[in-house]
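Going in written order, the chains are labelled A, B, C and D, and every chain counts its residues from 1.
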């Protein structure tokens, strides 16, 4: 087993009286494509938000590369090499597709530079164009982001997430609301991305992840249920019971 | 039409405009054409009624001047501008009046801050400004200039006269409810200055924010001190609100309410019950006609011009300030600032309320001060709301001395 | 958008104007004094236009609606006035003093408000703006309190032996225009810079900007301070223009005025603030002569724009040009 | 009068003052909690309430009639405002209704000036409530005691309406999540309309209640707006209980500062607000995250 890059220890998250996550401990291996699955209300998204720092856990902590990152600010995650895409499309809607990625790329180079024209920083534009190429959006670079089709917007978001050259990429239901064709394109892209970095994927549709993931974690009612290879999970009685009636 | 065409036309137009606009606007003031008096007053906002009176008074003076032949045939016109009671707005309007309208004189304003703003703009450009709003600051050497005249009374005179009337009559233990700005502070100083010879004791001086809507929080403490006299050193709506609320607290039962400046407009807005028995000072009150001939003459002219209306303090100030300047211009035979300034200094006049003149060192109009009491009974008509209880004759010794103000003379 | 092909002459003009936006605005400002009914009005448009430019940097480009910007206009004016009146500083040194104080107050205020968002931001800036108002109001010995500060007088400007009559309205206007032009150049560069891109991204989507690795709070704070400094410069010029500093320059209605100007002109556009300032001041100037109900006129125009032309005058015009 | 009595009297004064603040803030908070609209014309509705109240009082002689007239007329005015002006702006971001109501306040003030003149109206205390009475710690105006009672009645009525009635249930649910209300098959637009009208009606009521102690002028709503903002920020936007408690708190803080350092009274409420912002940015009773 590779060394774990991200470790969640005893995560509990309460919203008032409601317990969304109960004592969940999971270690994610470096270089793997791991999926977190579970039926509706399993606490997947809450878990994702705790992992990416959007929510502070009520108790427990998250370690990244041996450092405790619980309670760190959002922007610090990107700077440490953790990138994410959101469940609901989250772009800069009125900016051009290229500018969306260019701004994301810029983060590592210039944050408080006041007087240099951004158009003169050719290197950044080239990098952004490279990323657009990777996700297949080169021909849309001058369009406004909000005018893209849904699937393209999701791809754009991935390009933006990649802009900080992350070691760890977390994706929250990247294929939500996509057509079957778009889903295929996205899955293909995710597999390609997983070659070079650790990818953690939250997914509702179990079928999708079975073919591509090395490791799967199953949550249920806010608790850890099972973990293992797709085959292990498929064979697990508990999981079967939870996904009652669904073909796995 | 294409965009470029429009642009070219605009450019041509502005070039033409540039050609006709002289760059030396500032250097020579018109000695020909009509005499222009710029008149920045708060036409809109809370003191619009007072401003209207000021305008009517000024227009009456100008009508008379023009009917009597003007300055060697040169007629006068009044350029009324709205200050919105804002010093910034007033400064802009004054700049416009001087730079664009070539006003020969500036008269007007109705607040301490506005008159100081107008004065600063006018004096920098050596234009005579006659202020018709109360202020002590404008007399002081820092704001004053040879072109600054102050037609209105100042707090030292007003509060002094009222104080000298009330202290012997109503008692020496006094309290103040003061609007926290120059006008209020100056009035307090005026009362205390007048009270010194009487040995009055100031129990408390509470400063309230200007424009406050609720005065209740200041009243229990005043009540607990049981003063003989409570001075309301505030103006307009603040005065009405605070007098009303103090009355509600039952303060009036043991304490006499006094305010430095009791105006007809405030009294009519507040009502007879609220003001009943309140004593205050006034520049002018129309019942002066019973004793002063010039007041009778002024009232008659005013009634005739404005459908029977009686002039208020502000009408009288507007009238006498404009008439004084025009008389001085006639005496000087010119509208030149320096010549008219000299003529004003030499002027002795009686336009509305008995003899007046401008003190040489600070150009303060030395005049009589009326002390009036608000009544709720025996009223002849709706404007008969005050009794004149005392008149203090014009007397320089009641003013702060020239040295005190920082003047040499 | 950049690189979009300009097919029609309208688009061509739009592209050209936006490419040389600083030059275009300055060209307009150079001829402005001959278009307005009075030179004093032109100077006010110049000053309030710059005030709106500063405000627009925050509202239009960063998406933060402040209702406390009078604090910066006013403190800029006061600092300039106070060092001239009480300490005898020359005018050219007093202007940076105004900018500095406005920026400092911006830093303090920004530190307190930057955590709040949306509508809350508007309300808190309003209340803090009132705090600044009271502070200056109470410091009567320095600021003149309610009376305002008088005596910010400049008679002539000595430019290496070349004497300029600052009382001449045109000379005064062009001296002020030099400062405004410099500020416009700075703002234009800023907007085109990488930091400008971060501002836009914060406006567009704060969450996303943070996920990209930008410290949203610090970015906003810096924008807040720069915006304050520009408004401070506008205030400094206003003190010189009027030769007084009125206390109502700190009042919340002065904050509201700049909000109206920005929205009416077109927020998030470079020229919009000047269009808005010119429109409101002009309408006020004209409406005051025609009717006492100038506030009604201004209010109704404003409501119509909020309802039907949220892009503002200039924004709608650009939009129309772009669609031709 | 002993010092303790003075302190108590000052506190009662503060409560009377605070009950006006509380009423004002409730209306503002109600509208915000439900519609996320900050009503910048709130002070203008307060002023309109005072004008209509004084006018009806002088026409009918009945203070009670003037209260009713104001409640329904300013309420109706609010309904119209929401329906015609505010509704088209939903979904365009919270800034737009704010800007619209800011412009609207300009218009309302000037319209009142045109109808009633710029000088303001004379407003006198209803005959039965004139004078002052000894409340054990000193004399206190009867009308201000009435004001405290009236505010208590209005607040209780509103509380009963919100907690016990069917509409109240919808309002509470809607404030948490408009989606839920929509799913329940209720026309959210109607609920919002009603809430806006209710908020403005309460603003109008506070205006007519304050009229006898203040001067009724077109500009009387301007300082009131800022003060009610301070109260809602302290209490927490969208929290009705917070508005009441913060209103009273601000009144008492103002009053006690006025006793010891009158010059700082006005500043004190802003200092209180700044303190609350630093310690608890969402306000004393505000829910976290509502502002986002």
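Following the convention adopted for this analysis, contacts are C-beta pairs under 8 Å (C-beta built on N, C-alpha and C of every residue); 3 or more make two chains touch, one makes a residue touch a chain.
Predicted model only: the values in this text are computed from it and were never measured.
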Chains in simultaneous contact with chain B and chain C: D
Groups of chains joined by contact, in the absence of chain C: A | B, D
Chain nearest the overall C-alpha centroid of the shown protein atoms: C
Centroid spacing, where centroids are CA-atom means, of chain A and chain C in whole angstrom: 42
Chain C-chain D separation of Cα centroids, rounded to whole Å: 33
Gap in Å, rounded to a whole number, between the CA centres of chain B and chain A: 73
For chain A paired with chain D, centre-to-centre distance based on mean C-alpha positions, whole Å: 47
Residue numbers of chain D (touch at least two other chains): 263, 266
Contacts with two or more other chains, residues of chain A listed in rising order: none
Contacts with 2+ other chains: residues of chain B: 44, 48, 180
Chain-level touch network, classified as line, ring, star, complete or other: other
Contact pairs between chains, per stated definition: A-C, B-C, B-D, C-D
Of chain B, residues touching chain C in the complex: 2-4, 10-11, 14, 17-18, 21, 23-26, 43-44, 48, 82, 86-88, 91-92, 95-96, 99-100, 112-113, 116-117, 119-121, 124-125, 137, 142-143, 180-183, 210
For the chain D and chain C complex, residues of the former touching the latter: 32, 36, 38, 85, 88-89, 92, 94-96, 98-100, 102-107, 109-111, 113-114, 222, 226, 229-230, 232-233, 237, 263, 266-267, 270-271, 273-274, 277-278, 281, 291-292
Chain B-touching residues of chain D, taken from the complex the two chains share: 1, 6, 9-10, 13-14, 16-17, 20, 118-120, 122, 124-125, 130-132, 138-141, 143-144, 210, 213-215, 217, 219-220, 223-224, 254-255, 258-259, 262-263, 265-266
Residues of chain C touching chain D in the complex: 65, 112, 115-120, 122-124, 126-128, 130-131, 134, 138, 252-253, 256, 259-260, 263, 292-293, 295-296, 298-300, 302-303, 306-307, 310
Residues of chain A that touch chain C when the two form their complex: 73-75, 77-79, 83-84, 86, 90-96, 99, 102-104, 106-119, 121, 142, 144, 160-161, 163-164
